[in-house]
């Protein structure tokens, strides 16, 4: 039985010092997992994400991370990630080692990790300084004579957290919208925690097998956590809370404000249910503001072949 | 129908199914292996998931699939993916525990030829070629072979190595080349079953089917055959195994040879 | 306006000597395109497919091909491809050059071709003879120290023919079921002909963007050809005609029988409509026999975000 | 509202949109480039398709997207794909004709820094880094830069080269490294527009915005600025361009600076 609580999944699969990938490119960002990791005071994690986003800004501020592996360190559409910048520029609350790639480089690392390839080739980094800044980016000769090509090493996290719209109890997971590198992150990881907005029956999954990006075989734990990606979003379930992204820009500029925020919104709360209750108390209309509306896919026929 | 009368295909399928005891992910083709895997799901490996190289995981076929591309493998499956995902993430990704292969030629170390009889450039007989066999032989944790026993198949030297088995028999031969899978574990034929010796990696007789003698088997194998110390008689299909095959898995007897 | 006839699409995008990929792994095999290529007596083609299947057996018998690039040369579930074997073993009707890979090798070649990578790395061919038989398969050193790894060169056909369930008039194409390497074949080719069972409105495509594997940008021609894959199939539209696959095994054993078959079923017919009419005349119940039945995917909500 | 009164953002957006004349596939971010691309679709490039690095092709946003991950980019799009497909098949595949980039530092050859101010190991200011910028700069057939004109941005030497422009100015510099894209073609700022000289590959002044003098521009550029022989005044946004921006594309004036 893989269906479990976030508390249990995190304590079981996120040990101190683990290499963690909570992916989801600008969508499906699983803040509910991050808050539980912060609450359980996990330490010395290596945090991998293409876009660290607010989720890793919070985890770095909380002192969970010793290293960051990334390709774009910004608050999308807003500005800087101030907590990560404090760690990188001033070593506050503690020094943060960084390992930097471009988006394509991180894409290649997940592709290689998922496929158990030692490296992935990509035509990038020519005439740029990143390959000097990060010696793990190398160049090899194309054996077919086209010249040099860049390679990046496989990324195989100890645990990947995958937020998705729906999964069944075995962990068969379906996503739509900005699927990013969710599939590859799941296949690349030693352990996988799926966090789903909805737990559906196997028959829902089997009605559309091409939509199943992650098979139960690679999933260790399934957590049912509606609205578990707030202030990020799940396509068709709720909207991105841009007000939160803007508000965080102000909060995160001051270390003390961040500590107070973590105290109030993470440490001081039992779990994500408490977080949602607090959100709704603060803004009763929040889910109307973030309502997704309805636009359904037209069904396709798979046929019955007897 | 008398339950202790069965075809050699039924025996081969039952023996193959039992080899899947406790397995969870098997890479399967059509024909006997397909029936063996479905038999295993109903007996010794209830959690077994079938993976087809056409891109299907967790198939629930409503009929007996006639090819790995049968649409009945898609409808109601758990997941259907591209060939890229299948070969990259499932097979090379090391997710396949067991796989079935056949071949036109097999040597004593379980290396397989399904490419040509004769010279590659000027073949006497042009066979289908690798398909996914070469990668399956390299990446599956265990490989099972199902084939009729015949001197034309069990040869001293392959005309072409399509899929690597235990290579030249050096215990570390596969790992030295960076081959992650464990290679061939079992050979099921119509006359006897074989395993591979831990040290020599040589294919050795492990069980004779009821009524078959060592000499009859040796007569169909091109190299001097060794046996395991405790040579057994193959356990025939049980009443329940036969019932499942005949009533549920292959009622028309297409692959169980009762047609 | 990309919507056109098969006759026009073939004459425009399949010149003599072209490198052609009519893909579709054990499904979506576009026989209607192959018959038109045979009818137009195209010559010296290099035919690429993982599984040549009956479609290339017929094209080779008709003398269209000078070379075959493949990974599994069999009649799936039945036996041999006798016409291709005659060409390879006896040079009948003419010698056929072959370039052979494994399935994974062909997969890698399409991936590299689509992504304009010079090569694709894969962990295969260790301890096997194929790399000796085909010098285009090479081995390189992993710069991260894991040892040797095989590479295959990119495949970029002059034209790819993609059979699919539905497309719009611009060529935006949706497939489900065994998608094989259809997407990669389309992106790898210089020209793309999409052959669709159904032409749908743009709004159908836009109702499920994750289902759109091929964007119009890479498509040159769209042909509306219902049942255009017979005796192969389109998931949810009709079944594979296994009787035909069995019958071809008998027909294809004799050169003269094949010539007679081509005369009767290809040269002697004006187009695919005539082929279907002849099929139905021969077996009035054929589409009942090959009926797909109905099993629809459960819809998903994409949401409306205003 | 008086139509000939417009903001410098509106001028920049209009100038950027015109640069997309006849283009079909543009790689776009949020903000001004996003509005410029949507303006171009309604004016000089009716067939223009917008590609977002988040995996969207043919977006039909129902509202102004606030990030490249805005769900409004997904609903009703032509195709949504994985990041792997986007970077492999769209960008590296050579399907992107034009792309917009910004940067904290630009040098005279259009090389860009969006990584650090100061030393990489001990940065004064840690900037976001490449994201997809490095690959966009390498693979897009044309690159357009939009940024406010300022001496802090238009520098003699970059602290870090995040995205290659015309490198050291050698005409064959990019091709010699195997870079397929054409590199920067146009720089749009709040005071003037620039192009790149065919021979020297140097950024040269091509048009001054109405009322701006050469001296004012030179004052914000760290190297001695050259001009094209036929230096023009930037054509201000037309009535129709302003109407589209104000009534349809950015009614709240978020990016056009009318808030």
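All chains are identified by letter, namely A, B, C and D, in their written order; residue positions are counted from 1 within each chain.
One rule holds for everything that comes next: a contact is a pair of C-beta atoms (placed from the backbone, for glycine too) under 8 Å apart; a residue touches a chain by one contact, two chains touch by 3 or more.
Quick caveat: nothing in here was measured; it's all calculated off a predicted structure.
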| item | value |
| --- | --- |
| B-C compared against A-B, more contacting pairs | B-C |
| Length of the line joining the C-alpha centres of subunit A and subunit C, rounded to whole Å | 37 |
| Distance from subunit D to subunit A - Cα centre to Cα centre, in angstrom | 29 |
| Centre-of-Cα separation between subunit B and subunit A, whole angstrom | 41 |
| Two or more partner chains touched - positions in subunit B | 56, 70-71, 74-76, 80-81, 88, 92, 180 |
| Contacts with two or more other chains, residues of subunit A listed in rising order | 111, 116-117, 122-123, 146, 149, 176-177, 179, 183-184, 210, 235, 239, 292, 295, 302-306 |
| Complete list of chain pairs which touch one another | A-B, A-C, A-D, B-C, C-D |
| Subunit C - residues contacting subunit B, complex | 25-27, 50-51, 70-74, 76-77, 80, 84-85, 88-89, 100-104, 107, 110-111, 122-130, 133, 146-149, 176-181, 183-184, 233, 235-236, 239-240, 242, 245, 292, 295 |
| For the subunit D and subunit A complex, residues of the former touching the latter | 30-31, 53-56, 66-71, 74-76, 80-84, 87-88, 91-92, 111, 115, 120, 123-135, 138-139, 160-164, 167, 173-174, 177-180 |
| List of subunit C residues in touch with subunit D within their complex | 111, 114-117, 172, 183-184, 187, 202, 205-206, 209-210, 212-213, 215-218, 302-306 |
| Contacting residues of subunit A [partner subunit C, same complex] | 116-123, 138, 140, 142-144, 146, 149, 151, 153, 165, 174, 176-177, 179, 204, 207-208, 210-211, 235-237, 239, 292-306 |
| Subunit A-touching residues of subunit B, taken from the complex the two chains share | 24-25, 49, 56-58, 60, 62-63, 70-72, 74-81, 85, 88-89, 92-95, 180 |
